[in-house]
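Chain nomenclature is as follows: A, B, C and D, assigned in order of appearance, with residue numbering initiated at 1 for each chain independently.
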Amino acid sequence: MSIFVGKETKLLVQGITGRDGSFHTMQMLKYGTNVVAGVTPGRGGQKVEGVPVFNGVAEAVGKTGANTSVIFVPAKFAVDAVYEAADAGIELVVCISEGIPAIDMVKVVAYLRDKDCRLIGPNSPGVVSPGEAKVGILPGHIFKKGNVGVVSRSGTLTYEIVDQITKSGLGQSTCLGIGGDPIIGTKFIDCLELFAEDGATEAVVVVGEIGGRDEQDTAEYVKKNFKKPVFGFIAGKTAPADKRMGHAGAIISGTAGTAAEKIKAFEENGIVVGETPTEVARLLKKHLG
Amino acid sequence: MSIFVGKETKLLVQGITGRDGSFHTMQMLKYGTNVVAGVTPGRGGQKVEGVPVFNGVAEAVGKTGANTSVIFVPAKFAVDAVYEAADAGIELVVCISEGIPAIDMVKVVAYLRDKDCRLIGPNSPGVVSPGEAKVGILPGHIFKKGNVGVVSRSGTLTYEIVDQITKSGLGQSTCLGIGGDPIIGTKFIDCLELFAEDGATEAVVVVGEIGGRDEQDTAEYVKKNFKKPVFGFIAGKTAPADKRMGHAGAIISGTAGTAAEKIKAFEENGIVVGETPTEVARLLKKHLG
Amino acid sequence: MKVHEYQAKEVFKKYGILTPMEKMCHTVDEVIAASKEIGIPCVIKAQVMVGGRGKAGGIKLAKSEKEVRQHAESILNMEIKGIPVKKVLVSEAIDIGSEAYLGIIIDRGKKKTVVMACKEGGVEIEEIARQRPEAIYKVYADSLMGLMPHRAREVGLFLYEDPKVAFECASVASKLYKIFVDLDSSLVEINPLVVDKGGRLIALDAKLNFDDNGLFRHPDVEAMRDRESEDASELLAKEQDLSYVRLSGNIGCVVNGAGLAMATMDLVKHFGGEPANFLDIGGSSSPEKVMNALRILLKDENVKVIFFNIFGGITRCDDVANGILQAKHTLNIKHPIVARLTGTNEEKAMDILKEAGLIFAKTMDEGAEKAIELLK
Amino acid sequence: MKVHEYQAKEVFKKYGILTPMEKMCHTVDEVIAASKEIGIPCVIKAQVMVGGRGKAGGIKLAKSEKEVRQHAESILNMEIKGIPVKKVLVSEAIDIGSEAYLGIIIDRGKKKTVVMACKEGGVEIEEIARQRPEAIYKVYADSLMGLMPHRAREVGLFLYEDPKVAFECASVASKLYKIFVDLDSSLVEINPLVVDKGGRLIALDAKLNFDDNGLFRHPDVEAMRDRESEDASELLAKEQDLSYVRLSGNIGCVVNGAGLAMATMDLVKHFGGEPANFLDIGGSSSPEKVMNALRILLKDENVKVIFFNIFGGITRCDDVANGILQAKHTLNIKHPIVARLTGTNEEKAMDILKEAGLIFAKTMDEGAEKAIELLK
């Protein structure tokens, strides 16, 4: 069992003929993901790693039954790619592209409200349900099938934590990065709602960072609604106030959004916080045996 | 019984302090309509014919419980008035204003799709449920409570036909003008769906005119779905091809949209067509006794 | 409102759509000068706002200077469907590879803006729409988001197999859509859209109509109006907030509301008469408006009888009555007038008109019959 | 990206928002000349992009020519929060009737653009937000339709009782919203928005920040960047698609990914060390990028040890290894380097770095500890 992606995923790669698109198509195929189609306008009829390429998503969906898409197109065109996927009836769009202006995302989110389409990202590293499917750029070899759900605002920090979990002997049900941008399609709570229903998930790790108040909201939600044990990690304890740390998710505005506040919110609401990635894995292991 | 407006209508007049707004507020009050509020931004606190004026629709709804609004503001601001009404939770908006650009209406219609708000018009003369409520500019004295539903694309032509119906001894359940513009909120079929459910309505008169293919669609709908007798009239038999006749609803494109075509569609689908307004009333009278 | 091909193309150019090298000319000399600039062969095209110019001989290819003169002379002396040709467009002769159709209108049924594409260009699209509707590919714009890029590409890929041309076409479609929305257009059309032998996508012809309701926010569009090409009375009426269309009969009709005005014409015809016009004095009227309406009506010398059919709602019958009275005196109207005024303030109207020597009617049937009677 | 008050006001003016008569000056002489043009009394305002200018003495009212000179001299020789004042704005002294706050940001939680209004202007809005959030009135823009007119009026009517001023304020809110959307702003703010004694609505101060992700489509905004006011290394990093923030420690960190970079700093601190910087080399890297990163890192003379923490996903460890190797030779790096490279192509990376004399670490814990160890 898993959330978002799994054996039933029929994946379409938007921007499949690009450098990243083609490389990760190969990686995803290697992992066993059912990649059924690719789209690059004007490249219809070609093949990439044996996957047929179409000019548009609607055509690709019509001919292959794709239900999930992953977007590798440059930021400038990524928003249009999301619209195209949503219009074509894709149920889940995972947007890897980074650098999308926030005001564009505000429109995307509003547009998707009426559609039967969930967006993960942008600036997401993707979603992996170990042993079932890998959608995105997360390195497949660090995952192991298991019962820990992992959701994170980061990319590589997620790998680090997953790697530690796997090395501790545990495995993951589903692991995803929701993206660190200010406006994203899917938030921590959306993921927790699904993890709550997922039989395979016995504990969840939430990897947050400074900026915004998503972690605080999540903490309150966990206390009120979430029955499974949750473990947390917050990056940015040493980040100076009012400094941008690499991406838009990492701005501290005044005291709101500091690591200290978030850790406090986690701890007060029953989320066990690890000081370091290693400690997160250790705490998990102790709990789940 | 009636459709759209009735005893439960709590009316808000947008543009109440204007020349037309204030005149027709008086007329509607005289008719017995429950006019509870008016809106003119910047005139909050005043009264028109005893009706309190507010600066915004949300405030007016909050303080008076208005559920229906009628718009008398100039074309330039009418679209914003519709948005404001819809945002404030008004259930039925009757837009009297004429001269709204079609492209603005395309947006309005799209915006309203998600809201729980029906728009009648623009360029509508209004809706009257005789003996219950009058919303708009239709002259109240021509109506009589009865069992004929009247729906029309015109203004004064509607009065003419209603007048004939009343003089023949029959009365109306509800009568409305849906507006002659290319893009309108409520079409013939929408009205027929409600007339079908309305216990007080025993027959319906559909008053169409040249341009578009709404009458043809309506005729097909009537044949398939509508059980009550329908009578029809089409204006524009003498209109020359490709000439604009006063408003945008009255353009003939090629042969599509001619009066002859529409009359044929009506007759082939069981709608009894009167040659003149008088004849419509006569046919109705004959049928309903 | 409509504009000429050359005006539409000026708009197209401003939006970055490729059009042939062209020059608008009024005289044969100007045409000859233009042909030297543009090069021979060139195409000479009558600028009139009616369809079927080609069939009427209003579009000619000139292969020599002699032919340039010949065609310029013939076209500038031509009438097309009764309209004298006063302007011609001298246009670069394009080496055509393929022809297609591309247009945008608002679909009333779907209440959305629709881009229409057809692989057959240069033919009458209405004909195709009737006979083989499946040959027209329709792509709807999102009403709030506009014509999204993937939708524009869909249009391009339908028309052209070569992705380069297809994407160029997508860009043209997006620009057309922008014109449509920016300028409150009611129709924008390229027919034919051609690919020349060099693979360039060119708007060989251009059609651009505007939504009259949108003109108030586009003085630049209003400035394009060719007053010469419109009926003077109809234009005058429009400026006075009236709506007038001249017909060929002899019973002048003055009515409030477009639907009732049409029904009045229909009724005159029904009883055996011939309406001279459509004239809608609109919603809220004033005595001046009625005066203006009569001034316009009386320019038509065919008019023998005047039939007022007013159903007062927002229009007040006393306003109309005052207008009639004033007009009768000021304009010294001798025509018999049949007046049917009912509704708001109808009694006041009767009082005003009592002494005016009008023929009254209680119903529109009676009014129409009396008007016809008076002609005998 | 941030711009100065005077630049923000230039944008405001372009959008029709009223601002005081003003002139930006670099020298005392320029200030004196400007004060003659603008009139005395006038206000002299330090142009630095940090908060608390007023408290720091960076904003002064000059009532005489003597005071103009005094204040100009003092402010132009001032440092505010460590930043030297190089520009001042000479501003018309406004006769203030009332002060309010008006700002626009994106609400992450609601995923919408929000207009914030507060009847108390000229004070720190963050303070009010914390202490009395109910004093801030929020109006959300529709994400597809924009800030609708009735929403803008709501803002105006909240702030002002006089309908004339309220509607003027609605118009200012609409213009601010247009600036926000047109320019990919992340914050636009007027604090205080004042009504002067003559009833005019004036933006007395202006703040305008931009979404870095949107800069690619606004070369005009990019052109406003005050390079002097930004850290040279951070700016250089940005231009090379790196993200660098200098801190005060001595362990230089090179990491891929912002979250992992922060976690790495945190870990160094956790084990008792002091990180010298945040440095994210981003998603897909190349040897050149690693070279550039090291060049920037080494400008900081506090750096004693370099700690590479790379978790290869889209980043390939061999690319990073090649970069380290090249940099070590080209830049002649003598600093000890601790390398923790794991993930995509980690074996290749090991092969490349085998002979390079680096200290390897298998985990980030081990890497951090070794880096700290090396300092002893």
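Going forward, a contact is a pair of C-beta atoms (placed from the backbone, for glycine too) under 8 Å apart; a residue touches a chain by one contact, two chains touch by 3 or more.
Since this is a predicted model, take the numbers as computed values, not measurements.
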Equivalent interface to A-D, taken from A-C, B-C or B-D so that over half of the residue contact pairs match: B-C
Far-end chain from subunit A, centres as C-alpha averages: C
Geometric centre distance via CA averages, subunit B-subunit A, whole Å: 51
Distance between the centres, which are taken as Cα means, of subunit D and subunit C, whole angstrom: 55
Interface hub residues of subunit C, defined as touching at least two other chains: 144-145
Multi-partner residues of subunit A (at least 2 other chains): 107, 111
Residue numbers on subunit C that touch subunit B, as the complex places them: 106, 108-109, 111-113, 126, 130, 142-144, 180-181, 184, 186, 211-214, 216-217, 243, 245, 247, 255-263, 265-270, 275, 278, 280, 283-284, 311-315, 342-344, 363-365
Subunit C-touching residues of subunit A, taken from the complex the two chains share: 41-44, 55-58, 77, 80, 83-84, 87, 107, 111
Complex contacts: residues of subunit A adjacent to subunit D: 19-20, 24, 75-76, 98-103, 105-107, 109-111, 125, 137-139, 142, 152-160, 163, 180-183, 207, 209-210, 212-214, 217, 233, 235-240, 243-250, 253-254, 256, 259, 275-278
Subunit A partner contacts - residues on subunit C that touch it in the complex: 145, 148-151, 153-154, 157, 163-164, 166-167
Contact footprint of subunit D on subunit C as seen in their complex: 144-145
